[in-house]
Every structure is written in C-alpha cells, then in structure tokens.
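Labels run A, B, C and D following the written order; every chain starts at residue 1.
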Amino acid sequence: MKTLLMIGCSVCLLVCSSTLALAAGTIKIGALFSVTGPPAFLGEPERNTAKMVVDGINRAGGIRGQKVELIAYDTVGDPTKAVQMATRLIKDDHVVAIIGPSTTGETMAVIPVVERAHVPLISCAAGSKITDPVKHYVFKTAQNDGLAVAKIYDYLQRHRQQRVAILTVSDGFGASGREQLKALAPRYGIRLVVDDTYGPKDTDMTSQLTRIRASQAQALIVWGTNPGPAVIARNARQLGFRLPIYMSHGVSSKKFIALAGSAAEGLKLPSGKVIVADALPKKDPQKNALLAFVKGYQHQYRQEGDHFGGHAWDAVMLLKGAIERGGATPAAIRDALERTRNFHGIGGTFNYSAADHAGLTKDAFIMVEVRNRGWVIAN
Amino acid sequence: MDFGTQLLQYLLSGLSTGAIYALIGIGFSIVYHAIGIINFAQGEFVMLGGMVTLFLLQSLHLPLWAAIPLAVLLASLAGLVFERLAIRPLRKAPPLSLVIVTIGGSILIRGLAMVIWGNDTHRLPSFSGDDPITVAGATLLPQHLWIFGITIALIILNKWFFSHTISGKAMRACSYNPRAAGLVGIDVRRMTMFAFMISAAMGALAGIIAAPLTMTSYDVGIMLGLKGFCAAIIGGMSSGLATVVGGLVLGVLESLGAGLISSGYKDAIAFVILLLILLLRPQGLFGRPESERV
Amino acid sequence: MRRGLLNYLLVAVCILLAPLFFSGSYLLNVLVFAGINTMLAVALNLLVGYAGQISLGHAAFFGLGAYLSGVLTTTYGWDPWLTMPVAALSVGILAFIVGFPILKLKGHYLAMATLGLGIIVYIVFNEWVDVTGGPSGLSGIPNLHLGTLVFDGDRRNYYLVWSCALCCMLLSCNLANSRLGRAFRAIHDAEVAARVLGVNARLLKVQVFALSAAVCALAGSLYAHVMTFIEPATFGFNTSVELLTMVVIGGLGSTYGPFLGALLLTLLPEFLRVMRDYDIVFYGGMLMVMTIFLPGGLVRGIPGLWHKPLALRRAKGDAADA
Amino acid sequence: MLELQGVTQIFGGVTALKEVSFSIRADEITGVIGPNGAGKTTLFNIVTGIYRQTAGRVMLEGRDISTVPTDRLARLGMVRTFQNIELFGQMTVLENVMVGLHSRSSSGLFACLFKMPWAVAEERRIRGEALEWLRFAGIEELAPVTAANLPFGKGRLLEIARAMACHPRLLLMDEPAAGLNSQETLELSALIRTIRSRGVTVVLVEHDMDLVMSICDRIVVLNLGQKLAEGTPREIQDNPEVIAAYLGDE
C-alpha cells in the first residue's frame, strides 16, 4: 500500500505541473537549444541570440502588431530530451513554429514529431541529411557541411594541393564532415592519402600527426570543434609540422585562438562571414545584417557574437519574414518560408524552394586565416 | 621521416600521457588500500586541480608558482570533505553503496564545477614556454619534461612516505589489516582521511601538469579517471612502481595504437586491456596470485 | 500472494488510466520514455537488486537491442516485430557468453569490468560507421504497427511501452518469488552458503545477467521504434549510471522500487527545469544523500521514516564481501 | 562414506594441512577436534570444495570429489554448516529453508518467469517441506521473521534446518555449539542425535569437549595440520599424545 501511496503522490505532482495556459494574442515561437551538455558551445549563443532578436522585434512593435513570445527549452544535447521538449512545445505551449535544435542528431530525432504535428522547424544544425531528402516542414539555417568542404577544396584546387590528409573527430560533427570530405574529393581532383580520426575527449594527437607527417600529404584538414583542433594545432607546432593546416568552420570563434595560442597562427578555415564582418567589402549584401548582429550581441552580452548565434538570428528573422508575408499559423508559415528568396542573413543569402530547404550556396563561406590572434580574409 | 623516429615520437607521446595516467592510478590505489573501495570521484580531483589553478590565476591573479600549490591544497581539502561527508557515514556499507556514493560524488563535483566555472574549455599557460625540444628527430615540449620530472619526484616521495614515515607505515598497516591496526593504536579513520587527501592531491597535481597540453574543462575528469583506473588495474592496484609501469604501458599502447592501427579504437585499447587483466590476471600484470580465503 | 496480486493490479490500472489525465500534454510523451526506463530498471534490478551483482555497463545491452532493431529494419528491411525477439534473444545469448568470465569477478572489480564492457560496446557503435551510422546516428527506423494501426502517436506508444513494462514487472515479480529468485537473493546475502546448499551460483549469475540483458535489449528495440532515430551517445556510460541510480533510489531488490525510481528520475528533470543549470548538482547530491540516508531506497525508506527508523536498517554489513 | 587421502594444503608457503588421511564411516557421528590453528576449518573447506587442496584426494562414497564444484556436492548428499553462521540475512526464516530445497527442485528460468503449473506445484511442495523442517528444528513459529534479526542460537538451529532440507546423507557441522549456552548445547546434542537416527552421517568440528565426548562415535584429532590420533572417545581421552598436544597448547 505504501508503494501505491508513493505512486499516488507522483501522479498528483504530475497533475499540478500541467502548464498554465498563456495569454492569447501573442505569437508563440518555440526554441530547442542544448544550453548545457556537450554541445553547450552551440546552444548557449543560439539561445542568447534568439532571445536578443525576439526582444528586439517586440521593442519594435512585434510582427504585424502582435508580440512574439519565445519559449526556449534546454535539450542537453540528448535526442530523447529533444523529442520530449519538442512535444511539449507543440502540445502544451501550442507554438506556431520551432527553431533549433542545435545538433544534427537531435534534429533527426525531432523531425518525425514536427512532421506529424505539421509544425515548421528551422534547425540550427549543420548535417546535410536534415534537408536531404526534403521534409515538408523542416528547414535549416546552418550551412551544410558539404559547403564548407567545397570551400576548402576550392581553395586547395586553386593552390594545387591535391594529396590531402584528413583528421576528423569521432562525433556527429566530425562524422558528417568526414562523409562530405570523402564524397566531394573526386569532384575536385583531390586524393585523400590519410583518413584518420580522434576522440572528442582526446588530449594528445601527436600519434596521428606523426603518421600524417610521414605520409605523402600536401595539406591537412582537421574537422572538429573545440578543444580538439586547438590541441592538434599545438601538437603540430610541437612536431614542427610544415604542411598547411585547414580547420573546419566548427572552430571559427575567438575561443579557438585563445585555446591554441600562438599555434593557431597561419591556420586557414572556411567560416561564416560573421567573424570578419568589419573587413567585408561594402557591397557585400550581408554586411548590414552582420554588423547589426555583432553590435547587438556585443551590447547585450559583452561577448563576441559567433556564427552559431548567427544560425539562431537567421532562424528568427526568417520566421519573422514568413509571418509578415503569410500569417501566424503553422501552415502559412511553412508555405511562406518555402517562398523565401534573397534573404541576407548571418549565415549567407537564403533562397528556399520546394526542392531546397537549406537555401545556401558555398558563397555563404569565406576562407579566413588566423593572423596576429585575429581573423583576416585569406586570399 | 623514417620509421624509427616515428616510433620514438609515439613512445615519447605515450610516456607523457602514461605518466599522467600513472599519477591518477596511484591515487586510486592509495584509497583502495586504505579502505578497500574504488573512488569513482578520483577523476574529478584531476579536473579540480586544473580548474582551481586556472581560477586562481585568472580571478585572483596569483603567479603560477603560488597558484599550483594552493590548488593542490584546495583539492586535497576537497578530498577531505568528500571523505567526511560521503565515505565515513558508509564505512560498513556493501560495495554497491560505496560505488554509487562515489559516482554521486563525482557527478556533484562536476556539476558544481560547471555551475561555478561554466562549461568552457580552458588552457593553463605552460610552465616554461612552448619551444619544442628535439630528441633524435622526435620532439618534446618543455611541459613534457615537467610532467616526467614531477611524476618521478612524486613517485619517490610516495615511496619514501610509505616506507619511511610513521604515517605512511601506519597507512600500510591499515591496508593489510584494519582491525589489527586499530588494536595497536592506529587511528584507522584518520588514516582513511589521509588517504583521500593524498590521492586527491596526487590527482590534482596530475591535472595541473597536464592542463597546459591537454586543456581542461569541467568534464575532463571522467575519461582521465577511467584511464587512471586502468593503469592501477594493470599495476595490480599497487601504490608503487607497478602502477606507474601500468600507466606508462597504457599510454604507450594507446599512442602506438593511434599511430599504427586506428585512432578511433584507441580508447577501446585501454578498456580491452582492463578486461583482459581483470579476467586473466586480476592480481595485475606483475603481482603474484593470492589464494582466496573465505 | 493475494495481496501482491492486488497491488499489481492496482498499479496496472493506475498506469493504464493515466493517459486520461495527460492526453494532450507532453508529459504523456515523457511517460513513454519513463516506461522504457522502467523496463530497463526492472531488468537491472534482477541482476543488482536480487542477485547482488553490480553492473555499470547495462546501457550497452540497451544500445545493442536498439541498434540490432534499427539496423535490421533500416538496412535489411526486416519486419519490426520480428527484430524485437531476435534482438532480445541474440543479446541474451551474447550476455550469457560474456557473463561467464566477467561474473567470476566481485564487487568493485565487477563494476569496473562491466563499465569497461559498456564503453567498448559504445566505442563500437561510434566507430563502426558503415553499419551503425557512427556518431551521426541512425535515422528512418520504422514505427511498429499492427495491421493499419501504426504506433506513432504518444498515446499508442504509451500503451505499447507500458504493456511491455507491466509484463516485465509481472515476470520479475514471479521470478523473485520462485525457487530461482530465492537462489539469487541467497547468492546476494551469502554466496558460499548458497553454494554449499547446492545453488549453482556461477550458472545462476550468468543466467540472470543474460535475462537482464535480454530485457534491456527489448527495451532498446522499443526505444528505437518509438524514437525512429538512435545515436551512440544515448547508450554511453552516463546512461548506465542513470539506470543504476534509478534502481538504487527506488529500492534495490523490491518489486516496485525500480518502477518508482525510473518514474522519478525520468520526470524529475521536467520539474528541475526550473532550477536550470543546477539540476546536475541536485542529481549528484541526491544520489549521495539517498545512498547515505535511505540505503533501502524510496520503497523501503519512506515508510521506514514514518514508522520505525531503525528496524528496517538492513544488516547487510560484510555479508556481500564474503 | 567419506575418505581423505593424503590431503595437503599450502597457503603461500604456510602448510595448513599436511598429508591428512582418515575415513568416516556411514551412520556414525565423527568428531574432528584439535587446538586452534590445527586446520579443522581448512579441512572442511577442502572437503566442501571451497578450497582446492594442494595435494591429496577426497572420496565421497568411493567417488573422487576433489574437483567437484561446491554446489554439486549438495546433490551428491553432502552439506555443511558454518562456524559463524551464514544465514541469508535479508530473507525470512522460511525462505532460508526453502533455499535448502533448491537442489531438490528443478523448475527452470522459463517456468519460474511464467509461473507454469508445474512450477507452482513444486513451489507448494517446497513451502510445505520447508515448514516441516522448521518444525523439526523447533523454530516453526519464527517462519516469517527476517533471518538477520534472529538471536544467535536460533540462527544456529535455522542453519541446521536449512542444511537438513537438502536431504544430506553426510552433514558437516563446523563448531555447532560455539556461542551457545549450556541449555542450548543440550538441545543441540539431542538434535544431532535425531539427525543421526534419520540415517544421516554427521561430522563435527567442535571445541566443546563435553559435547564431542558425549555424542561422537569416533574422534579424529588434528594438530598443526597433521593427524595426531583417531579412535573412540575413550581411546582419545587416554591417548598421551593428544593430552600432550592440548596441554602443550594451553
């Protein structure tokens, strides 16, 4: 009987927690970001940015006179949690659209939920399989990994480096990068002479680098997020590595330079334009958006805005545009989103269509280089 | 670069990683001998070492030479508090409870670290610069020399403590037979407390000397702790040279594995060794089999 | 026995009626996962609670079940219903084989060996990209279906998962009160004495290990078909620890303890959300406080606090070491 | 019934038993005595397969059981009790005895999980028989008590009831009178005689000389790991070597 009492208590708790209905007349937008957990480096700036942008919209009078309410949940980087929170947003909070989640895995897990509920989702994760094949209600703002790969390969091709070693991290980000690196290589006449990996928690990569140094490679591409690539940069410096090293857009933030220290000098990587916003030519269509984002973030959080935050910026602004054009119902938002053309955001210029829910080309990226502890555009 | 130099490079990298594992492993075995438990929170003291040093450097602007001993001291105090609050109330509990309470402790410490210092990765400055040193074609950083030096010093200190000081001998007595040790007037509870403090300090120091190379964040403790445990198992849970050799063997095998076979399965190497040793030679690679007594 | 059955029926009715209160709420979705966790906790309780053998690697069996189901349905086009028994059976057999050497170990050594096993399996999920999809996960796993009824909504999944979980609870209850259940508990309390009385401790431990692994695999299959997406991180060390926590907090070796633990630990984060970043601290702290002050878990601890604080303190002592 | 041939046990350089040979006849009560450290308990541990002897053989009814695992011995008809009683502390008294019937029941995992009719019937039989054995030991009123809460003397009786539930033909008792008061010891000796009268061969390791001398048919004396003497209680009492060993010891 005691057990039953306990169960009774739990049931009561559950009932009490049923969420209260919120005031009507606002447009509710859901957000799923992994603010804690391993992908917190993505989720935190994303949540911060989304909040900032929504506040900005409300200060300016909302969308079509309606205030926007952002309901953000933390998914801890766990697909199961993401599904639960997506269900919560849809069933309990009755949101009209969802932005996030931060990682490809979480997004893949959430897709069946939103497709079933007919709620548009704008993912901030990079994996190309999110929108390939196209799902009716799923869009994304983060540049596909393939675009970053194409950007690097383009650059390698111009500099006549054909034999390449790749070193990718064995997590979702690295696995997706590795897939694209392998798939796109033949198109650019590039031969992968070493295909190696390292663990996300590894602390010493000299073994892999030693092997790469002994190979025929003319360049090394490292695909990972902090801190791995910083360790690799330092290991490479220790070994007196002479090959040019290319990193992924996963480390295009000041944090990477802080971790790698002087070992970061001269590294090149494809990046969203946000980190070199000031240095962009005036005619760049994204320049206005970029400067607005950077300034706003700096003002509000006393930190540098990075391109992860930019994904959330784009997602909210895309939604705003869609609601302005179509109205604030999920179906209308979806249709309006799909008709988005020439939206100049942080991640690039978006052109969605029925056949393309990713909307970007490789021009979304530029090659940057670390010089004097800062980023400059590589030539 | 010829194959010999490559091999030397693998060896050097492996040895430096292994030295860290060894220090953590000794921490495990000291506690194991004092009270017969495996402290799953050991890895968190490694994390604390690095993070506290960083905190002292950045927030209190202490110089490195002052921050390091202070951080070690604070970590060993954390070890003391942990023993007091978590281990002492459970002295007579079954192993399962002890396993769980130390796991709980490790989650708690990790969580506190995250709340206090955030979930960013940080790097400690190297003790003496980043200019590589070349040894027969292979390269080392000055920090590697620090790691080797401090590891050797700690091992000697450890040996001296356990063989030549009253406290050390008393702790050894406790590990052989706590009841008898209690009867001859040794304060067993105090020795347990010492064991936790010493092992926390060793772990913290390992965390500090590694952090300039490996970076540190609130969650580095899990994997390092597990690897340290593997080292201790290979060494047969000895608190001396065997565990050091265990750590070095593990580090070198990992490094060779990553260099010659596949880096993806590098972590698997440690755990396959762990399983093999546990199943085939539970007394460790170098120990003599003990006959089981009921 | 009568009362036991009555209790069970009451619990079952509560569970089956619960959706009436939660329909239209995301909590129903959370409860689906609570059901899967209940199965896992019940399975682990067979091993840890009854037979007294610790495991820090049970997430591996959970994952093996999920991946077997996922790979067989997506890559080889098997029927989801067919993959479930296949997964449970093959994982059970695997655990049976692995169990023989591993369960020779005791206490902390067993904990570390199972932990090692769990991590190795996790690494394989992560690295065997061609088969498992690696860290990017495996998507497009089909939902289960009965004729035209597809288990894709929360309510359908709720009934699917909880009927499995209720079955598991009933079976575990049956086992606990049978000759084998007594033998497991005897091994837990005093292994040598049990062996002297003719209890084949070695074989029984391996049997219960395999059974527990098979149930975990079944839960894994269900998880895969409910989620339709799996990735290795779900089946790592943290999950193993979480499972153990559920069992310990609920009450080791009790019938409804694991159920309560699973329910609590799955739902708690929903309420802790208010506490934001502090939930991990709370989680760790609770684990310690529970172990120190309520070693019998909630099921025994809460009534114990009300009635006779000392009478229920179990005199386990060194018995488990012997 | 039971025969030891040159049993030797060495623990890391220390010889605990050295070439001990003797045999135990069926239907008798045999006492094994000796000063502390004579190796009596070690001998029991070897016979019951808990230790593997360094050399020598143990024969049960003409069969070499040196390599037979402990749990099989119960099926062969040999059970023991422990010096510091080893009860299943978290189980009830009745359940303790029901474990004793484990080797004489056979429901498998499947039958137990799904409560097959034959398993239910067997369960009923086990429960009934276990109650009988509790009655035999005179503790049936304690059946629902948790074993860990039993007083020591009752625990001893429970251990005997549990061992008897195995239907042993040979019962080894390791210091059954240790920790009992004189009244309990008296009851114990009566119980041991009853056990023998049911056709069970009994071997006792015991310190209580009165008990040993009063109920044993034959006595084996161990000293420092070696057999010192063997014979009837009278012969042993008169054996000068035995007297010397005991006096020298004390």
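Definition applied: a contact is a pair of C-beta atoms (placed from the backbone, for glycine too) under 8 Å apart; a residue touches a chain by one contact, two chains touch by 3 or more.
Given the structure is predicted, the values throughout are model-derived calculations rather than measurements.
K.L.:
Strictly by the touch rule at the top, which chains does chain A share as contacts with chain B?
P.N.:
C
K.L.:
Based on CA centres, what chain would you say lies at the far end from chain B?
P.N.:
D
K.L.:
Cα centroid separation between chain B and chain D, in whole Å?
P.N.:
47
K.L.:
Centroid from C-alpha atoms only, then distance chain B to chain C, rounded to Å. What do you get?
P.N.:
Whole-Å distance between the two chain centres: 32.
K.L.:
Report the inter-chain centroid distance for chain C and chain D in whole angstrom, where each centroid is the mean of the CA atoms.
P.N.:
Roughly 39 Å, centre to centre.
K.L.:
What's the distance between the Cα centroids of chain A and chain C, rounded to whole Å?
P.N.:
34
K.L.:
For chain D, jot down the residues that touch at least 2 other chains.
P.N.:
Answer for chain D, listing residues that touch two or more other chains: 50.
K.L.:
Could you list which residues of chain B touch at least two other chains?
P.N.:
114, 222, 262, 264, 267, 294
K.L.:
What residues in chain C touch two or more of the other chains?
P.N.:
Only 126-127, 192, 277, 280, 316, 319, 322 qualify.
K.L.:
If we count contacts the way the header does, which residues on chain C are in touch with chain B in the complex?
P.N.:
48, 52, 54, 56, 101-102, 104-105, 107-109, 111-113, 115-117, 119-120, 123-124, 126-127, 192, 237, 241, 244-245, 248, 252, 277-278, 280-288, 291-292, 295, 316-322
K.L.:
Given the complex with chain D, which residues does chain C contribute to the contact?
P.N.:
Residues 171, 174-175, 178-183, 185-186, 188-190, 192-202, 207, 211, 253, 314-316, 319, 322 of chain C touch chain D in their complex.
K.L.:
Give the list of chain B residues in touch with chain A in this complex.
P.N.:
1, 3, 6, 9-10, 13-14, 16-17, 114, 119-123, 130, 132, 134, 139-141, 210, 213-215, 217, 219-220, 222-224, 255-256, 258-260, 262-264, 266-267
K.L.:
So in the complex, which bits of chain A are touching chain C?
P.N.:
Checking each residue of chain A against chain C gives 1-4, 6-7, 10-11, 13-15, 17-19, 36, 38, 73-74, 77-81, 83-85, 87-92, 104-105, 108-109, 111-112, 116, 127, 129, 170-172, 174-176, 179, 197.
K.L.:
If you look only at chain B, which of its residues touch chain C in the complex?
P.N.:
So the residues of chain B in touch with chain C come to 32, 37-38, 85-86, 89-90, 92-101, 103-112, 114-115, 222, 226, 229-230, 233, 262, 264-265, 267-268, 271-272, 274-275, 278-279, 282, 294.
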